[in-house]
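In what follows, chain A forms one complex with chain B and a second complex with chain C.
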Partner chain A sequence: MAERCDVLVIGAGPAGLAAAAAAAGQGVDVMLLDAQPRAGGQVWRHDIAHRAPRRARHALRRVAAVKRHFGIRVVDADASARMLRVEDALHAREFGWDRLILATGARELCLPFPGGTLPGVTGAGGLQALVKQGWPVSGKRVVVAGSGPLLLAAAASLRAHRARVLAIVEQAARHDVHAFARALWRWPDKLAQAVQLRARLLGVPIHYGAVVRAARGDGTLCGVEIDSAGVSVELACDHLAAGFGLVPDAGFGRLLGCELTAATQPAIRVDALQRTSVESVFAAGECCGIGGMDKARIEGAIAGHAAVGDESVARALFAARDRARRFADAVAHTFTLDPRTRTLADGETTVCRCEDVTLDALRAFHDARAAKLATRCGMGACQGRICGAALAELFGWSWHGHPRQPLFPARLASLADESLARRSCP
Partner chain B sequence: MPAYDLIVAGAGIVGAACALAAAEEGLRVAVVEPGPIGGGATAAGMGHLVAMDESPAEFALARYSLPWWEAWAEEAAAEFRRCGTLWVADDETGMVSLQARFARFAAADVACERLDAAALREAEPELAHDLAGGLRVPGDAVVYPPQVTRLMLDRVNARGGALLHRRKVVALENGGARLDDGTRLAGPVLVACGCDTPALLPELAIRPRRGHLVVTDRYPDWLHHQVVETGYAASAHGDADESVACNVQPRPGGQLLVGSSREYGRTGNAVSMSLLARMLRRCFRFLPGLARCKALRAWTGFRPATSDGLPCIGAVPSRRNVWVAAGHEGLGVTTAPGTARLFVDLLLGRAPRLDPAPYAPLRGMT
Partner chain C sequence: MNGMVHLRIDDVAVEVAEGASVAAAIARVTPRFRLSRSGRPRGPLCGMGVCFECRVTIGGEAHALACMTPVREGMQVRTGG
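The block that comes next holds the complex of A and B.
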């Protein structure tokens, strides 16, 4: 039997928490779902050793009374029946909604480079998530590489967990980052955050205009080769945390039939009130365009208010959202990927690690489908979530032609349950 | 106007096999394909090489074809693996059908062995413990069809054939073909466009029959044979608008391909959750542990089906120099090599080694 609610919020990060809080204030029945065992999303992921930031605690308190189901994975959804199926560790179950808010966040962009599949190499956000959950890095030598503000946040978390952060390797040019820093006075809270973050990273060298050319090691990572503005630097290390920014996680929107943007990394298209092209479905936060936590929180609040018909309250937040989006644009401009980051991989470099497909094996093809059929690229456990985003950057390939079911790997038993099917196919 | 000894419309496995057989006879071949190589029914299916015997003509074409597949066993990229087929029955009706199949195989010298319930469990420990019995056909195998198709076209190319990729045959005219860019090619045309065949040959009653498949995460050694319920053939050949049957294949990489369903009258590629649920529950009847396996993706594809379950192979009556090899439904991978030999013999005016009458393009199909 499906559990029904007025407003169903998918994702308990900053956007989803703000949406749930805004909607719940109106006396409607709100429910919050998330894949993780706790609320917070990626940016406010629970840290076993450190207290959550003040804003996170505040956001969590505001939804304390909201019904929630965590540790679930969405299997399938039907926009016309307004139903979705999820599974937890044991069972499949269904939820029905009157209005749905997608706050499914983002994934890290992992571009291929030689040695990128060695044990010891992770995403930057990936390693940050691991250490927050207790992965021991005390005394370990870590290089953090790639691009964007996430590198600083990841490095700060690693340091807080007593890792030795040897270097931050940022592909953006020094003068671009410095110009960005000089413009931060326009967003005083961001300036304060940046100053605080830099203080926590005191003594960590930052290489600008630099990339990791290769990770080295025989069976496991032992060092990296950095190209720092044309100078080659070798560093011995235990971990390499490499992430080239974030890409919207628009998969759920695609499954529901929501229109996506035409960007290299498509996002869910929304109007001013955060409405998607599908009736009664809203989206907020990174899944409708990468922009950071502030943009996500404001968009979440707008979506939450709009979903319960409180348009005037939603509209009152437009100016704040515009400001947050301007900041997001400045970040995106500053950390635009240099073409060099797309040419790090050599012919032997693994691009699809599920199916062991190298760059050379893919070069002969014109599009993703032809490449997939011939090489099985993207046909493994991640279903192109990792390599698809990378190949969109490298070759401009559009990865997913139509919705994927199940949305995440699901037990066959969860697909064989027939109640959702009965509702959607009368 | 460029002239060829044979113009093949469609680079699925059937078109590619026909092009290769013709090239091996020394013919100058052009293959025209608008989409990805092997991107239609060839990519949608399981790649099961199976001695299928529901009708004498189907069995004859399968047996004629299977020996040619041996040549691909050593080709790594073909992902050939001789897993064998394990036909299984869950009740007395199924056992009757298994016995009949055993008798047909024995009469045709297809190696096979009957398994009782205990032997069945030993062969596949994951099978339900209350099954009635099984029949093992050790010679059956699996390949990865899109890749085999590409390899076949590479060989066509090595023999001087031309691949006109991203071009489409839009009309058959004056003993040749017109392409979507206006190019005209002269020569006999073989239409091997699977479900799209009626666009060029409306007189052929080939209908798309939709199927669902699910691929799982890797479970190495979980299953050893392709496990097919003996009612599969009835599902495949029955004319029901909607049917399901257990058909589960262990891929060489450890993933499991889980099928099967058949539907007429469906056009979109959206997964039908109700039919998928029915199909999976049917599979759990035979392989209960499958319920705990993780599905990575479910998808649908279309098989080119005819009303009598047999392909159309040969010259198209009342058309000059137009040939067809299409309508193989779910057996196009298995029977592509035999189809190709039969077609080439007919094209060259030689006596084929297989009676072509059952596959005549405009035979009295209802």
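The block that comes next holds the complex of A and C.
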């Protein structure tokens, strides 16, 4: 039997929390779902050793009365029946909605490089997430690499957990990052955050115009080679946290039939009121385009208000959203990936980690479909979530057609015998 | 506020703070969570339930994501699958 609600919000990060808070009250029945065991999303992920930031605590308090179901994975959804099937650790469940708000966030872009599959090599946000939930880094030597503001945030988190951050390896050029820093006066709160972050990273060298050439190790990571503005530098380390920015997690929107943008990394297309192309389905935050927490919170609030018919309240937030989107554009411009980041892998480098497919094995193909059929690239457990985004960058391959259920690997029992399951097996 | 939780990783007794992930507990024993299709060692990549590189056997259930599973007292975890 499906549990019904007026407004169903998928994702309990900044956008989803803002959406749920905006929609709740006035007798509207709101339900919040998330894959993680706790609310906060990635940016406000619960840290077992440190208190949540003030804004996160505030956002969580505002939804204290909202019904929720966490630790779930979406199995299937049907936009016309307005039904969603999920599974948790034990059961499959169905939820029905009148209006749906997607706040599914982003994933990290992990580009392939030699040695990138060695244990000890993670995403940048990846290691930050692991450390917040107790992964031991005290006294460990860490190199943080890739691109974007997330590198600084991750490095600061790692330091707070007493890791020794040896270096930050940023692919963007020094003059671009400095020009961006000089323009931050236009966003005083961002300037204050940047100053704070730099203070927390005092003494950590930042290499600009620098990339990881290779991770080294026999069985586990023991060091990295970086190319710092043309000079090769070897660093012995225990962890390499490498992330090349974020990509929208639009998979659930795609499953529902929402129109996506035509970008290399597609996002869910929305109108001014955060409505998607599918009736009664809204989207907010990183899944509609990477733009950071402020954009996510404002879009979430707009979606929440719009979903319950408070259009004028939603419209009052447009100016703030425009401002947040301008900041997002400045970040995207500054940290645009240099073509060098797409040529780090050599022929032997593993691109599809699930099926152990190397770059050489993929070069013979012209599109994702042909490569998948011949090599099983992107057909393993992660279903192309990691290598698909990488190959979109490397080869411009458009990875997905219409996704098939289940959206994530699911137990057979979760697929069996209920209404949505019949549709899954035509 | 945080108590400690005791579990076994490949028959090694481990103690971690309540609220920690199974991935964090495994990291105290081994950096190698599983073997890839061609037999190479792998560990977590994304930390958020996307990459499936951290999958292990928890309490007899195969393919459980260590990064998404909070530790519980008495858990038995097998790596290397």
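Throughout what follows, the second predicted complex is superposed on the first by the 415 of 426 C-alpha atoms of A that agree within 3 Å, B and C clash if a C-alpha of one lies under 4 Å from a C-alpha of the other, contacts with A are read in each partner's own complex, and residues count from 1 in each chain.
Going forward, contacts are C-beta pairs under 8 Å (C-beta built on N, C-alpha and C of every residue); 3 or more make two chains touch, one makes a residue touch a chain.
Everything quoted here is computed from the prediction, not taken from an experiment.
Within the superposed three-chain model, A:Thr343 lies out of touch with both chain B and chain C [touch as defined at top]. Looking at the shared chain after the overlay, A:Gly126 reaches chain C, while chain B stays out of its contact range.
Of the two partner chains placed around the shared chain by superposition, neither chain B nor chain C is touched by A:Thr264. Taking chain B and chain C in turn and counting the residues of chain A each one touches, the greater count comes from C. Of the two partner chains placed by superposition, only chain B is touched by A:Ala374; chain C is not. With both structures placed on the common chain, the touch criterion links A:Pro409 to chain B and to chain C. Looking at the shared chain after the overlay, A:Gln196 reaches neither chain B nor chain C. When the two structures are aligned on the shared chain, A:Ser80 is found in touch with neither chain B nor chain C. Contacts of chain A with chain B, set against its contacts with chain C after fitting on chain A, overlap at residues 355, 380-381, 409. Taken together, the chain A residues at the contact with chain B in this complex read 76, 78, 355, 366-367, 369-370, 373-374, 379-381, 383, 402, 404-406, 409-413, 415-418, 420-422, 424-425.
Interface of chain A with chain C (complex): residues 35-37, 42, 46, 48-49, 71, 73, 107-108, 110, 117-123, 125-130, 133-136, 219-221, 350, 353-356, 380-382, 385-386, 409.
Against chain A, the residues of chain B that register as touching in their complex are 36-39, 43, 146-147, 150, 166, 214-218, 253, 258, 269, 271-274, 276-278, 280-281, 283-284, 290-298. Touching chain A in their complex are the following residues of chain C: 2, 16-21, 23-25, 27-28, 31-33, 36-38, 40-53, 55, 63, 67-68, 70.
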